[in-house]
Every structure is written in C-alpha cells, then in structure tokens.
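Shared chain: subunit A. Partners: subunit B in the first complex, subunit C in the second.
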Partner chain A sequence: MNALSAFVVVLALAALAFVGGQVVILRPLFGVILPWAAILTLLLGLTHRVILWARAPVPFRIPTTSGQQKSLPWIKAGWLESPSSTPGVIARMALEVGLFRSLFRNTKAELREGPRLVFGEDKALWLAALLFHWSLLVIFLRHLRSFMEPVPAFVKALAALDGFFQVGAPVLYVTDIIIVLAVGYLLLRRLRNPQVRYISLFFDYFALFLLLGVVITGIFMRYVTRIDTVAVKQLALGLVTFAPTVPKEVGSLLFVHLFLLSALAACFPFSKLMHMGGIFLSPTRTLANTNRMKRHVNPWNSPVKVHTYEEWEEEFRDKITAAGLPLERE
Partner chain B sequence: MRDRGIIVGGLILFLGLITFPVWYNVTAGSTAKGPEPKRPEQEKTCVAPVGYMRTSHMDLLMDWRDEVVRRHNRKFTAYDGKSYTIGLTQTCMKCHTSKADFCDRCHNYAGVAPTCWDCHIDPKLVQRSTG
Partner chain C sequence: MAEQTPKPEQLLQIDYRPPAKDWRDPTVEFRKGVFCYSAAPKNLEYLGLPNPRKWQPYDEDWKLPPNWKQIILEGMRDRLQKFRSFRLFMDICVRCGACADKCHFYIGSGDPKNMPVLRAELLRSVYRRYFTLAGRLFPALAGARDLTLQVLKEWFYYFYQCTECRRCSVFCPYGIDTAEVSMIGRELLTLVGCNINWVLEPVANSYRTGNHLGIQPHGFKDSIEFAVDELAEITGVRVEAPINKKGAEVLLLVPSADYFGTPHYFTLLGTLMVLHEIGLDYTFSAFASEGGNFGLFTSHEMIKRINAKIYEEAKRLKVKWILGAECGHMWRVLHQYMDTMNGPADFLEEPVSPITGTRFENAKSTRTVHICEFTADLIHHRKLALDASRNDHWTVTFHDSCNPSRAMGLIEEPRYILKNVCNHFHEMPESTIREQTFCCGSGSGLGTDENFEMRMRGGFPRANAVKYVRDRFGVNLLACICAIDKATLPALLEYWVPGVEVAGVHELVGNALIMKGEKERGTDLRGEALTPKEELVHA
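Here is the complex of A and B:
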C-alpha cells in the first residue's frame, strides 16, 4: 500500500511538471523558482539539522566497536575496529563512508524446514548500495558541466572515464546503467522481502521512486528523446549565476527531471536522506574508544551537596555514644 | 563533546563545496549567454530542420557513417527532397567551414568530446599546415 501510494504520488508530480513545462507562464516556476526554493530548503534545513545535532550533549564515549579495546600493552588492540586515536577514527570513518564497511557485515536470517533458523551472508544489499551511491556521486559531478563555464578539466576527465566504452553518440555512460540496476534492486528488495516490506514506510518507497524518476527522465533525455544541451546549460547557468533564463528550446521532460529532483532536495533535511550529514555526526562512529584510557567526567556535572558518614557521626556523636554503638573515630 | 569547531568547520566546507559552481562562475565571469556558433552566410537550409539538428545531429552523423562504411551509399535525400552527398568534411563542412567556430563552440560549451576527429580532419588545419 505504501509502495503504491508513493508510486502514484511520484507519477502525479511527474505529470504536473510535464504539463507545467508546456504552459508558457508556468515554465519559470518549474524551471527556476521551484528549483531555487528546493535548494534553499535543502541548504537551510541541512544546516539547521547539523547545528541541532552539534548541540546535542555527548558527554561520554559511545562508539560501537567490533574489536579489542586498547588496554594493557600485551593485549593486542584492534586499532581499526576499536580505534583509540583520531587517525584510527578517521580510517574507520573513511572506510565506512567510502566502502560501507558495516553494511558489508550484513546478514540475513531465514526460517527453513525443521523449523530451523538459518543465518547467512547477504552481500547483495551492500553491493547495490555501494554501486548506487558511487554512481550517484559520479553523475552529480558529471552534471557540473552544465553548471560551470568553462567546464573544469576534472569534470571532462570524469565524463571521459564514465563513457570509456564509447558506445553510440552521445556516448553511453556506465554509471547510467549501474544506477538503474542498483536502485531497481533496492526497490525490488523492499517489495520482495516480506520482513523488509513490513518495516518499509511511505518515504522509503517515495525516495526510491523519485530517484528512479530522476534517473529515467535523465536517461530518456540523453539517449532517447534528445534534448538541446546548449539550452539546458543556459538554464542551469542562469540558476547558479542568479540571472535566470528559460530558453524556449528546453523540452518538457527536463521540467519533470528538475521537479522530481527539487522534490527530493526539498524532502532531504526532513527525511532519512539526512544520513549524508548524519554519518559524520554519529557518536557511535566518530568517537575514539578511550573509555579506559581516560577518565571521562560529565562536563556539566553540577556540584552535589553530600553528607558523609564522618559528618553524620559527628552530628549524632552523643546519641551513638549513649546507645553504646561503636564509633569510627573515638 | 567539544567538537563544535570541527562540526561547524565541516558544515562550512560542505556549503562551500556544494555552492562551488556559484563561486566558480563568479570568478570566471560566466553568464547564461549561449556559445553562439558561427552560422553559414550563403546557405539557408541544412540537411534537416534546425530543431532536429540542435538535439540529434549526432544520430544523423552516425547514420551517415553506417551508410557509407557498411552499405557504401553516399546519397542522402533530405526532408525537403534535396539530395546531398554523405560526408562530414565534404558536405557539412562545406557550409560550416570552421570546426573551431562552429562545432567546437557548442561542444566545448556543453563539455562534449565527440570522437569524430579521431579519424576526420579539420580542413582548415590541413590548409594551414600545407599552405
């Protein structure tokens, strides 16, 4: 049900933008105002979120570890799995962000005949997630060719590498195929696996359908229906130089592409997509495990008024003596 | 934790990177002005309508290549019934004489590196080197 409603909403959004792209007076709305509003929402919302997280108190070290903590010199410590220093934390974070190491340990549980609960490795999710994220990054960077004039050398080099196989004209980009397959797998996994489907919410599907929508419209514009690339670049440059133009040569499909992306960007700070910033603000990942090496005192501990036994004994000394009870200090 | 400096620093770095195109275009002085390729003066019609040529000229060139290389056919009948000889340097570049002033303007603007010139030569460059 969640999947179906998300699909219908995305289709409705796409249809809205498609029609809006053909109405002359609405073209500046879908081409300029909504993308600007979406980017502004993304940047302000993301900043707000990160500042909220930064203000959250983290008095103690709470890293999740899977290695031996550094303690005595003759016990071998896991410098990467239980890092006790900043370089270790940086190495672990880099591998986590770049290679999704914790997802690599993903397992699946199945109830087989018997009944018998069987655990096994499940690398498919890791592989699809990794391929998806890296493709998305490459595609994002490739898009800079429309937003920067002159086109920087690294963007050209990346595009050349991505189009390495030189299939057809315009050249087929490998990441375009990979991202469709990867997002397709992530979506199918949600739909096919009963346990995953049970915990999937509307937004889980919504984000995937939006991404698929953006990717498919992009692929259609590049390889099937074609688009006036020069006009698209003029629109894109207008957006980032704050001198917007919506050339008449820009096709309707670009407005669908832009609008779905705007929707995704506007949702970003309010959704699970914030894991992009969140990964860097996870105390379970970014803190060195120095629980035993250092004494961690809660910095905002207020002074507590205590009444020690010695003081208590002094207060009731005569009564204790009268009752014939022993005293600590005679 | 006393990590606020690092967090705010990281946030500023991210915002700087994500708005990089804005700064880049400001320093390069770029505007939304198009590349304006130099159009031929004498000839008014091309082998296909201008809208098609803008978006899909590469399809036409690929078809032309296949026609010549695989089927040995050098005759092309255009949408308006006119007949053309298939050939990039012979036909296209007869009107669009300069690669630098026509092809390259849009290709550089859009960051496209077509493989045409791996085999074909720019006639102007040849003239300059021999003459």
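Here is the complex of A and C:
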C-alpha cells in the first residue's frame, strides 16, 4: 500500500512536471523557481538539523567496541574496531563512511529443524548499498560539467573513467547501469523481504521511486532522446550564477528530471536521508574506547541525591558494632 | 511458571512472516511468561520515584497521573536536548533491516516488534508526531503516531523485552544503539511510575544497604567468613578477607551474587585464593558491597545515585585503586559511566600491580582494573603456580558477556586465563562470540521467573551455540564473567542443552591454583571429587 501510493505520487509529480514543461508560462517555475526553492530548503533544513544535533551534547562516552580493547601491552588491541587513538577513530569512521564497514558484517540467521540456528554470509545489501552510493557520488560529480565553465579537469577525468568501456555513442557510463541495478535491488528487497516490507514507510518507497525517476529520465535523455547539452548547460549555469534562463530547446523530460530531483532535495532535511550527515556524528562510532584512560566530561552532569556512608553507618550502627567492624563515628 | 512453559521442542514453532496488522497498531497482550511484574510501591517510595502505587501490566487501568502524556513529552524534549545519541537515533534510521535477525528476542520470538528497528520505531513514531515537521503535517506518511495509553503499554512491553545487549549496534551502518533507545524509553516510563520490580527492588536495596540483596553489614561479614572457612576446608589454607580496612592498597568490588548465589560463589572462592596467594593488600567494603548497578536499567540519574558509594568508599578507606570482579553490566558502568558521573578519581593513584609492577595504563583515569586484566597479567608474568589438569573434568567454552565485549572490548583477557587454567577449551561458532556474542536473554533486569518463557526464547541463540560445542566437542562447562549470566544461564542451559554447567573464570583459576602450604586437593571448589592422576593414566 505504501509502495503503491508512493509510486502513484511520484508518477503524478512526473506528469505534472512533464505538462508544466510544455506550458510556456510554467517553464520558469519548473526550470528555475522550484529548483531554487528546493536547494534553499535543502541547505537551510540541513544546516538546521545538523545544528540541532551538534548542540545536543554527548554526555557519555559510549563507543560500541567491536574488537579488543587496548589493555595489557602483550595483548593485541583492535586499533580499528576498538580504537584508542584519534587516527584509529578516523580510520574506523573512514571505513564506515566509505565502505560501510558495519553493514559488511551482515549475516543471515536462519532457524532450521532441530531447532538449529544457522548463520550465513549476507553481503547483497552491503554490495547494493555501496554500489548505489558510490555511483550516485560519481554521477553527481559528473554533473558538475553542466554547472561549471570551464569544466574542471577532475570532472573530465572522472567522466572518462566512467565511460572507460567506450560502448556506443554517446559513450555508456558504467555508473548509469550500476545505479539502476542497485536502486532496483534495494526497491525489490524492500518489496519482497517480508520483514523489511513490514517496517517500510511511505517515505522509504517515495525516496526510492524519486531516485529511480531521476535516474531513468536522465538515462533516457542521454541515450534515447539525445538532449541538447548546450541548452541544458545554459539552464544550469543560469541557475548557479543567479542569471536564470530557460532556453526553448530544453525538453519536457528535463523538467521531470529536475522536478523529481527538487522533490528529493526538498524532502532531504525532513527525512531519513539525513543519515548522510548523521553518520559522521554517531556517538557509538565517533568516540574512542579510552573510557578508563581519559575522563569524559558531561556538560550537564547534574547533581543527584545519594545515600552517603554517614547515613549508612547511622542506620546500621548496631549491626556494624555487633559484627566487629570499625565505625567512623564511635 | 516452568510447568506452563512450552517444552523446548514446541517453543520455536515460529512463523517469521509478519502479521497482517500494521505495526502502528499498538495493542499488546500481557500473557503469562512473557513480561515482568510491576515494581512494588515501597521501592518507588524509598527511592523518591514518581507515582508509587499498586498496579500490574495486565490491568486495564495503569493508574497514571492525569497529565502523564505531558510528562512523557516533556521528558522526551528534555532528553532530545541532553543526548546527541537519542536525537540522532530518532532521525537517521533508514529502515534497512540489517539489525532484524541480530536480536536474540526476535530470533526466539518471531515478534516483528522485537526487531531492533521496530523497537526503536515505537519511540520514533511518537517523536515524529510531536517533534518533527513531517510527522506533524503528514502523520500517516511519515510513520507518526499519537501518544496513547496503548502506545505507552506497548513501550513498557517492548522496552522490557530488550536486554540492552548492543548486538544490533555492531551491525547497524550508523551505529544506532538500541540499548540507548531502550534506556531512554525506560527513563520515560519511570517518569510516570511504570517500572518492573526485578529492577527496582535491587535498586532500592542497593541504595539502602549497598547491595542488591539487602544484606546488612553483619550478614555481609558472615558470608565472607563462611567463604573463608569453606576455603580452609577445601585447600587447607586460611585466607584473609579484610572488610572496611583503612589504608589497604586495593578496594575489591564484587557483585553481591558472588557471596550469596551459586555458581557465583565458587568464583568468589577462586578470587579470594588468587589474592591471598599473591599477598595483595586489599579490603572489601561492607557499604560498597555491590558493584552491580541496576540503575543502568532504570535511568542515567539512577546509575549515578547507586554508583556514588564506590568512589566514596575508596576515598574513605584511603585505598590506592579499585579492583572490580567478574560482572557484566557493573563493568559497563565502571568503564563507560563512572568516571564521568562520579569522578574525577584524583584521590586515587594510577593502578600498578604490586606483584608484577605492571602499570594499568588503560585504567589510569578511573583507577579501576578488571580482575581478568589483573589475573592475566599475573599469569603472563608467571606469578601463579597452576595445575590445569585439576580442571580436566571440564571441557570448557567461553561465553562473552554483552557488556564486557561490546562496551569494553574485554575479549582476550579471559580467554588467555582460561587457556592457562584448563586443558580442554573450545570456542563456539564465530557469529556467536566476541563482539557478536549473544545475550543470555535475561540481562538488564529481565531475569525473573514470571518472565521465564521470554527468557528461554531470548536465550535460545546463545544456548543453541552451546549445544553445537556440546555435541561436537563434549563441552560440559560454560565459563563467563557476568553475574547475571551465572544467575540465569543454568536455567537456560538446563532447558535447551542439559548437561552443560556454568562457571566463572576465577572458579577455574581457583581449581588450578597451587597454593603454598595447601593440602592435597581432593575436590574442586564445588566439592566434587577430583579424579586422582593415576586413575586418569589407567583410563
């Protein structure tokens, strides 16, 4: 149900942009105003949310230790999985952010006759997630060539690398294929795995369908309708230089592409997509396991009511005496 | 209880397919065997906690204060500002489901709300409804729910069906820690007086007498003396076990079960033997007579209240540093909370082993050393004479307790000790040990009899791994370093894997330890006859 409604909504949004792209007076709306509004929402919302997080203190040092602590010198410490130094934490975080280290651990537990619990490797989610995110990053960077003049060398190099196989004209980008497959897998998994389907909310599907919409329209424009890249660049440069122009050569499909992307960007700060920022702040990963070496200070370490030794001695005075234990106050 | 519990072969007829009803429907059934009874009003009163009254979870009317909803929401707002972890974990979950089959309660119950992701969503849905724009504008689409009485009951049911073991947090790509979510969930429930007695009675006892069982100073002294007498009988050596001795070098901190429960008791015997043998100048405290801290299962404030006595006693007794015995959640507190909450411990000295000269650099701020670190160091420096063959009647495996493994990284020390004190040691499968270890299913205050069925379900993954090594290697003893493990694993193993017993690491050290002036050891610390060497040779 969530999946279907998300699909319908994305389809409706796409239709809206498609039609809007053909109505002359609406073209500035879909080509300029909505993208601007979306980016503004993204930037403000993202900043707001990160400030909220950053302002909340980390009262306790609570790393999840996934390896041996640093203790006795002759015991090999897990410098990466249970880091006791800043380089260790940085390396742990780099693996987390760049290679999804924790997700790589994923196993599958299966209950068989007996009862017998069996564990198997399960790297598909990790692989799909990793391929998706890296492709997305490469595609995002490739798009800079539309927004920058002259095109930076690294963007050109990246595009060349991405088109390494030199198949067809225009050259086929590997990331274009990978991202469709990866997002497709993530969507299918969400739909077909009964547990994941059970926990999925409208937005989980909505984000995936928006992404798919953006990707598919992009691919379609590049390989099928052969979009006018000069016109696109005019539009894109206009957006980033605050000198907007909507060339008449820009087709409706680009408006769909742009509008779905705008929707995704506008939702970003209000949704789970914020995991992009959150991963850098997660206290179970960003803190070193130096708990007993270095004191961690809690800014709100508020006073509490305690039961003191004096009160204890007073209450049990007779029994302490009878047991022959020393008293502080005779 | 036990007679109503289904037989092991019936218990896990689980259909993992989720039910037809949407998870946002909060209805729960408080069925006998799968929940814990409410805290007695006297315990709340003693601790000054809100809303003491007689009630039970299965009652229709929970006798909540009229403004309970406001109290909970204010409590959430407060904690969102105080804990980055909480705020972040409410915002960033993508519901990938990697955590689902990592939870022992989910594996053993098949209840989808025991998937860590959904356990947290129970709270997140309310967070979204009252604290986020998307949830306020589009509650249905954003997965937001109103806070209703049913939702509160559901929270109670599921936050007391999480043992705060952190296994899911090892696998979560964002490090979302359900223990953190459950801890906050329980704090919120505490604000309106919804606690369980198995947690609050030990807390109230600890607050008053210093230990969970409410043992008063004379009782404490008697128990320790009883242990000393029994040791003299087994070993022929009379050890010293000073209490409240000022100026001792070390304060020894043990969980109270060590002197009042079995098999914990044998661990205490082993500990006393080691400390005697090396001649450590130490003392017990009759007030800090408990290292365990069920405040961890109540609220952050309560952790601090219960833990204050430890540094206070260390200071009063003028010791140099603290030695903490085998206990899981006690060590989460000592390792991750104590210094921040009750420190700085500037009145203590950086711990140095007087026997080996080793400086415990890793404890130079809290000045609190784990006994496995201490003993491993002794063995490494060959300061203990050991005869591992005295443990030959045991084929041993090691169960990593949740907190020492995932909140400390104390993984190799106990293994090193075990490999030196017994000849037959076998690991359980990789997915069930070290940082991936499975909980006993009774941690965080859930180890009570009325919760027996849920404990057997939650403990199943652990027990099943034990079964694997029992059948394959003939393992008949599970060693561990947690008092809750020692209290609850015997029942779990009897249910799922009969024939495997439970022991502390220092019980096995005690068995193997050759003491100066000891008589020939006829029995192990449990009083079971040892097979004489000649007979083993003939057999």
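One rule holds in what follows: the second predicted complex is superposed on the first by the 290 of 330 C-alpha atoms of A that agree within 3 Å, B and C clash if a C-alpha of one lies under 4 Å from a C-alpha of the other, contacts with A are read in each partner's own complex, and residues count from 1 in each chain.
Please note the rule applied: contacts are C-beta pairs under 8 Å (C-beta built on N, C-alpha and C of every residue); 3 or more make two chains touch, one makes a residue touch a chain.
Everything quoted here is computed from the prediction, not taken from an experiment.
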- Query: When the two structures are overlaid on chain A, which partner does A:Leu264 contact: first (subunit B), second (subunit C), both, or neither?
  - Reply: neither
- Hey, is it subunit B or subunit C that touches more of subunit A? C
- Can A:Ile227 be said to touch subunit B (first), subunit C (second), both, or neither? first
- Message: For A:Leu281 in the superposed arrangement: first (subunit B), second (subunit C), both or neither?
- Response: both
- Query: Now for A:Glu81: first (subunit B), second (subunit C), both, or neither, which partner does it touch?
  - Reply: second
- Query: Touching A:Gly168, do we find subunit B (first), subunit C (second), both, or neither?
  - Reply: first
- Can A:Leu43 be said to touch subunit B (first), subunit C (second), both, or neither? first
- Task: Could you tell me if A:Val58 is touching subunit B, subunit C, both of them or neither one (first, second, both, neither)?
- Result: both
- Message: In the overlaid three-chain picture, which partner chain does A:Lys156 touch, first (subunit B) or second (subunit C), both, or neither?
- Response: first
- Message: Under the stated touch criterion, which partner chain does A:Leu254 make contact with: subunit B (first), subunit C (second), both, or neither?
- Response: neither
- Query: Both subunit B and subunit C touch subunit A; at which residues?
  - Reply: 53-54, 58-59, 281, 283
- Touching subunit B in the complex, subunit A uses residues 43, 47, 50-51, 53-54, 58-59, 144-152, 155-156, 159-160, 166, 168-170, 226-231, 233-235, 237-238, 240-241, 243-245, 249, 277, 280-281, 283, 286-287
- Message: Applying the document's contact rule, which stretches of subunit B touch subunit A when the two form their complex?
- Response: 1, 3-4, 7-8, 10-11, 14-15, 18-19, 21-22, 24-26, 28, 30-35, 51, 54-56, 58-59, 61-62, 106, 108-115
- Quick one: in the complex, what on subunit A touches subunit C? 49, 52-62, 64-72, 74-78, 81-82, 84, 96, 100, 102-103, 105-109, 111, 115-117, 119, 125, 129, 193-204, 206, 270-272, 274-275, 278-279, 281-285, 289, 291-298, 300-302, 304-309, 312-313, 315-316, 319-320, 322-326, 328
- Mind listing the subunit C positions that touch subunit A in their complex? 9, 12, 14, 16-18, 23, 48, 80-88, 91-98, 100-102, 107, 112, 115, 117-118, 121, 132-134, 140-143, 166, 169-177, 180, 207-210, 216-218, 220-222, 243-244, 246, 286-287, 300-301, 304-305, 308-309, 312-313, 316, 334-337, 339-341, 343-344, 358, 360-366, 368, 373, 376-377, 380, 405-413, 416, 429, 431-432, 435-436, 460-461, 464-465
